[in-house]
Amino acid sequence: MIEFLQQLVNGLSQGAIYALIALGYTMVFGVLRFINFAHGDIYMIGAFAGFYSAPKLLALAGGGPSFAGAALVLVAAMALCAAAGVLIERVCYRPLRAQPRLTVLIAAIGVSLLLENGGQFAFGADPQAFPEIIADSAIDLPASWGEFSLLTITVGQVIVLGSTAVLLLALRAVVLHTRTGMAMRALSLNPLAASLMGVNTDAVVSFTFAVGSAMAGAAGILTAIQQPSIDPLMGINAGLKAFVAAVLGGIGNIPGAALGGVLIGILEALVVGYISPTYRDPIVFAVLIVVLLVRPSGLLGKPEREKV
Amino acid sequence: MSRPRTLLLAALALCAAGSVFSGSINPYYHDILIMIGINILLAASLNLIIGHTGQFSLGHAGFMAVGAYSSAWITIAWGASAGWLAYLSALFAGGVAAAAAGLAVGVPSLRLRGDYLAIVTLGFGEIIKGVIQNAEPLGAQRGLGGMAQHTNFFWTFACVALAIYGITTLVHSTYGSGFLAVRDDEIAAEAMGINTTKYKVLAFVIGAFVAGIAGGLYAHFKQFIHPEGFSFLRSVDIVVMVILGGMGSTAGVCLAAVVLTVLPEFLRSVSDYPWLPAPVRELAENRMILYSILIVVLMLTRPQGLFGKLDFGRKKP
Amino acid sequence: MNILELKRVTMQFGGLKCVSDLTLRVDANELVGLIGPNGAGKTTVFNLVTGVYRPSSGTIRFLGRNVAGRRPYQITGRGIARTFQNIRLFGSLSVFDNVRTACNMHLRHGISHALLRGRGFRAEEEEIRATVMGFLEVFELADLRGRPANSLAYGDQRRLEIVRALATRPKLLLLDEPAAGMNPSEKDRLMTLIRLTKEKFHLAILLVEHDMRVVMGICERIVVLDYGTKIAEGPPDEIRRDPRVIAAYLGEEAA
């Protein structure tokens, strides 16, 4: 029982990371109907942004690991990733908006390869130790919890879950209650009608890339707090899993991405805990395929029917 | 005798003639030639699925893996005494096994389209890789070695000639117009009495079969195969060949396969020339960066592919 | 003798009944008009008959056999062909190849023949070429045979859709607003062509069209739909004077 709960906790904190990255896939898909293949690498950029900025920002916050310092690093990484996302869209995707989606997809694959190879060139191919921006120790659970006090819950996990919850709520508020958020939803429902009603498509797309990339950047820092070893290829697997999460939840659907992320995280933890780590990826993909065969638009997605 | 069949025979004769000289080619160039042939097979077969039938697939390396491992397992089991007949049977069996995998992947294509299909095919590729990684008889994570080097210039390019002939003659026939109709408009295709289900699955089965053959050739060329060699990055490589070659243009896709096989080798050699200025050599050394920039720039400047509407000959109606 | 018979067919999307309780019949070699204001459910009827949708209730019989629930290609195989209101040609294929795809379903030779290219296969391909060219000539599209379909003028695209449907050799042809976007002289040519087609190929035709001159000019019988229900049926002269029909159309104009 405790072991099962422990796997759930571990899965949940990994799932939160996937959820944050999956948001970017799903939001971009919502407004542009295309898969931003390079999104996973933005997450890697976020981690490296933290790696290089942490020493200075920690010093600014009074030196040594601290909440304030970690928050600064997080914000810096999110800002840098937002800028990177907007830049990539502006330079590589926007000129191709009228082209078939496959063309943009290939361009995105090119950007992804560029970030990975350029990353290996600029940051070195070997894994680097991420600086300690906040002390990640196990929390002593009160003995009054009885059996449950045997669970291992780390400061890092609490921070990850807390930050993810805050970011998700903030995103929800933006999407539901701001003009830009409304424009975003309008664009994903009907691009033509939205632009006829005066929605500035370019601005909304830039905004979507900024927000999605910032979320991925945050995920990069939050991962690095828990597993302080980062490398330029770390975005491949995480990006793939987050993409699976977005599709599982119903791509284009924001709550679906969060749900999918959490489910994939927990599924992985259970497979690793009870079966074998080597079966992790095949089982994740098998579950995805089965779900899609039953629900072709994912768990929360709405089927799109072609008008004849 | 019709013209395409004459051309096929001529191509096969050329392969035989070429194989006489292939022994005297510098082994390094010889290896590149074989890899060109294998990549042409992969790109032309994926082009049938993506370019001609319009089903986006990101799992082609998985089919290649099935062919490579099945055929290797067979020739290893038959031992060193196995001759070229055994090798050919193993190649064929690998193709059939891959075709069976293609059938399994083709079925979801009936319910899913576009990006959903992409992720499912990618998933299938990863599942195939995952199963191999856990299969002890196939060497699991260590990889599989010990196959004899049966693959040579003749067999490789004979397969290339047969595959190009087969795919071209198929998509140019009335029978094969079903593939193109499915790509352009599924609903209209059904309204023309075309069983779109059959054509989608058929494209996956034939594409996978040829990729399986390519895998078998590869396994008996490198004599060592490893699951990581068939990851989704390998699938992406093949997709890039198809897109750069111009989807649906078999000739363009084959040319792209040649260019993209030779280019890295060319850049490798450039970095070896001491008389070139240092920045040029450094740039050439980071050929993967160049490759990725090339993809982005080409998509921005030539989204229809490198060569436009290049195609192997078809009579005007 | 009727060849198409819809009995009490209802089609519901969510809560909305787009076609309700429709009974409709088309006889062999008859040219029937299906008219009604926008959104009346005419295209939905076509989609039901051709198997794109499965009716919520009711039966659709073609040549005496139930077709509801069959796949569209199977229904085409039984002899129903259609055109689309929003043109759905195979845009990247040539005019010739667009028509050729319609010959796919009648092929005698399978995939192995296509690969081996034997004598029988080549003879059949030649036969198909001649058939396709014959169709293109009747519809004055032969000169455009090599052009990609999406590069054609609008009127030519509409005609090509009709040729393509005819090449499946149907017994019943469904035309969904074939005159849309044509100028008056093109419309005249189209009317002649529809009449000629019907006689030449011994077809029954169900025609959806907004242009009253075209409908009244060529249809033998007219069925009027409004909000998914049949409100009138009869020969053109009767329909022209029917107060319910006038009300339905006036209602649309007033709105």
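Each chain gets a letter, A, B and C, in the order it is written, and its residues are counted from 1.
Please note the rule applied: a residue touches a chain if its C-beta (ideal position, glycine included) is under 8 Å from a C-beta of that chain, and two chains touch if they have at least 3 such contacts.
Because the structure is predicted, anything quoted here is derived from the model rather than measured.
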Smallest number of contact steps required from chain A to reach chain C: 1
Distance-to-centre winner among chains (Cα means, whole assembly as reference): B
Chain whose Cα centroid lies at the greatest distance from that of chain C: A
Chain A-chain C separation of Cα centroids, rounded to whole Å: 49
Whole-Å gap between the CA centroids of chain B and chain C: 42
Chain centre separation in whole Å, for chain B relative to chain A (CA means): 33
Multi-partner residues of chain C (each touching 2 or more other chains): 52, 84
Residues of chain B touching at least two other chains: 187
Chain A residues counted as touching two or more neighbouring chains: 308
For the chain B and chain A complex, residues of the former touching the latter: 50, 56, 108, 111-112, 114-116, 118-120, 122-124, 126-127, 129-131, 133-134, 141, 187, 232-233, 236, 239-240, 243, 247, 286, 288-289, 291-296, 299-300, 303
Parts of chain C lying in touch with chain B, wherever the complex brings them together: 50-52, 71-73, 76-77, 81-82, 84, 88-94, 96-97, 100-105, 107, 109-111, 113-115, 117, 121-122, 124-125, 128-129, 132-133, 145-146, 164-165, 168
Contact set on chain B toward chain C in their complex: 2, 4-5, 166, 169-170, 173-178, 180-181, 183-185, 187-197, 202, 248, 316-317
Chain B contact footprint on chain A (complex, rising order): 29, 34-35, 92, 95-96, 99-107, 109-114, 116-118, 121, 236, 240, 243-244, 247, 251, 276, 278-279, 281-282, 285-286, 288-289, 292-293, 296-297, 306, 308
Chain C residues touching chain A - in the complex, by the definition given at the top: 43, 47, 52, 84, 86
